[in-house]
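Let me give you the structure first, and then I'll get to my questions.
Lettered A, B and C in written order, each chain numbered from 1.
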Amino acid sequence: MIGYENDTSVLHGAHPYTPLALAGAVFCLVFAARSPEHVGALLAVAVLLAVLAGALGQALRAALAIALPTIVLLLVLHGLLGPAPYSFVGPFLISDSGFERAVVLGGRITTVLVATVAVLRSVSPARLVDAMTDRGVPFSVTYLLVSTLTLVPRMRQRAAGILEAQQCRGLRLGGSPFARLAALRPLTLPLILGALMEVDEQVLALDSRGVGRSPRRTALDPPADTEFEWLLRWMCLVVVVAAWTARAREWLL
Amino acid sequence: MSPVLAMRLVSYRYAGADSPALAELDFEVNGGELIAVTGPVGAGSSTLLMVAGGYAPRLIGGELGGERLLAAERPAIVFATPWTQITGLCRSVFAEVAFGPASLGWPEPLVRSAARDALAWMGITHLAERDPAQLSGGEMQRVVVASALAMGPDLLLLDDPAAELDPLAANSLYELLGRLAGRGAAIMVATPDLDRARRVATRALRLETGRVVADGPAAQVLG
Amino acid sequence: MVRLGVAINLVIGQLAAALLLPLFLDAVGTILVASLVGWRAALVTGLTAQVLAAVLSGNFAWLPFAVVQVVIALYASLAARAGALRSYWTAVPAGLLLGFIAGSTAAPIAYYVFGGATAGGVTVVTTALRALGLPLQASVYISSLSTDLLDKTISFALVCMVLRTLPRHLAARFPALAR
């Protein structure tokens, strides 16, 4: 996965399912949380995950680069342009409910972002594949998720190559909107057709490597799992279900 | 000993094609044979390999006529373009080569020893920890061949396998194929490289417009 | 084929960006798979692409938009079955309709999940409309819609173009096309 870095942090050494479960729980819980306090608590958990993944610096940078502009926009959308009552914050007249909403929404996005960084940095794709194979996840699922990630950079390179080649043949990238729309054809067509023609070879190669011939693939290096981690993952599920049940009850009653 | 592959008046037509790509193929392949398949571009050499291995029409559609008796339990096919044959799942060459045996569900120690042996046969043990996606075309092709060899195929089909290789590596590959055939594997190589093929092949098939026009000892057919 | 559709979803936007077009084109692969293979494959394509897009962008906050991909996959399969992708005259209106449907599906997600602040251009439009006095929900809806209308129309036109240019031997490989 993009962002994975080899390290010896706590999360790096855990079974790959564990950071995924923890971040997944944070993700689900943060959308159930409605008050700034709850979102703040979950943000703290996400920051803890980032620390455990050795990714605090990266998470802070991502938060600054991505979450901060969004938060500013939210403050404008909801704070400045929100409904009454209003209060003065410095020179600005801010909607009270709008401000709270902006904080909750901004906090959510930041929390998800920080948790994402933690997971992406600490879960190795190779270990994840081994873990999934070990647990009997159908090969097609593993292949689709992980192998496509390898295909994407190669296709991006090819797209860049097609762009250059067509420009050498006289394609102009600028001009009127219609000219630019028309330029889509000589760029996208070779990319898609070229890729379609390779599909057969990929299918043949995989079949030739025995995919689907045995009911169970051998996992070369199945990551170790502990009872504690197993319990932790189940607790995540329980907490998420409990939180969403409570939220559903609030909506219904 | 019964043949690994027997083709009785086999024809094959690609889906949507007007005319068959292969017609009236009639030959047998036995263990220990290294058969060079040659012919002009478009003669059907690549298609023949796909039909021989049982991949067509099963995986790519089309119509098969005649009778094909494939006794091989573990056919493997290698194409000329290595980057489409890398699984994209493995972060090391070792894992990539071990992929086939692992798919077959072999016990872990056997998977590891098969991968080690295959790497050694192809002379790429030094690449074991490298990321397959970062290799050069030639290195990648050798990994792909090693991946096929690791499964201990009884019928090995190679379509212009040395296309991406430098002359030294190409020589090594053909010599290795010769040794493998000597150990009992049945091998078919579609190749424009008649010189190298002549040195190691026991037999050759020459195709023209989808038909076998010559089938005999390599020295005779390849000239 | 699904893997290819996912890759197309994730990569083709790069070409539009190089042309400075305000398009994501992040469903072209889904629509292509819908017309070449069928609705189940298209569904998997769309969902997988959304998951991977979230992973690649480093922000799982994009995951809720998977619902939109589901809608696109189902609609595109129906449209392909009905032959809408055979000619530009039918593909363009069909794409326009999808833009409307997709935009309408994305808007509540953008509103409830992000409070309207999702992607740059869309949010700018939202903010501008809000500043003009429109209610937030309406602003989010309008800005989401305007992007999607153009995006999905072009996506449908692109897939139509690919299908019309497909060499016969390639086209014959895909059962859904024959129907």
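In the analysis below, contacts are C-beta pairs under 8 Å (C-beta built on N, C-alpha and C of every residue); 3 or more make two chains touch, one makes a residue touch a chain.
Because the structure is predicted, anything quoted here is derived from the model rather than measured.
Peer 1: Name the graph shape formed by the protein chains and their touching pairs; answer line, ring, star, complete or other.
Peer 2: Basically all the chains touch each other, so complete.
Peer 1: Using the touch rule from the top, work out which pair, A-C or B-C, shares more C-beta pairs.
Peer 2: A-C
Peer 1: Where the CA atoms of chain B average out and where those of chain C average out, how many Å apart are those spots?
Peer 2: 41
Peer 1: Can you compute the centre-to-centre distance for chain A and chain C, using the mean CA position of each chain? Integer Å is fine.
Peer 2: So the centroids are 19 Å from each other.
Peer 1: At which residue positions does chain A touch at least two other chains?
Peer 2: In chain A, residues 143, 147-149, 151, 198, 200, 202 touch at least two other chains, as defined above.
Peer 1: Send over the residues of chain C in touch with two or more other chains.
Peer 2: Within chain C, residues 173 contact more than one other chain.
Peer 1: By the touch rule stated above, which residues of chain B touch at least two different other chains?
Peer 2: 60
Peer 1: Can you check the complex and tell me which residues of chain C touch chain B?
Peer 2: On the chain C side, the touching residues are 168-169, 171-173.
Peer 1: For the complex, which residues does chain B have touching chain A?
Peer 2: Going through chain B, the ones touching chain A are 50, 53, 55, 59-60, 74-79, 81, 83-92, 95, 98-108, 111-112, 133, 144, 147-148, 151.
Peer 1: Please give the residue numbers of chain C that touch chain A in the complex, ascending.
Peer 2: It is residues 1-4, 6-8, 10-12, 14-16, 18-21, 28, 32, 44, 48, 51-52, 54-56, 58-61, 63, 113-117, 123, 126-127, 130-131, 136, 154, 158, 161-162, 165-167, 170, 173 of chain C that touch chain A.
Peer 1: Of all residues in chain A, which touch chain B in the complex?
Peer 2: 124-126, 129, 133, 139, 142-143, 146-151, 153-154, 198, 200-220
Peer 1: Given the complex with chain C, which residues does chain A contribute to the contact?
Peer 2: The contact residues of chain A facing chain C are 1-3, 23, 27, 31, 62, 66, 70, 73-74, 76-78, 81, 101-102, 105, 108-109, 112-113, 115-117, 120, 143-145, 147-149, 151-152, 155-156, 159-160, 162-163, 173-174, 177, 180-181, 183-185, 187-189, 191-193, 195-200, 202.
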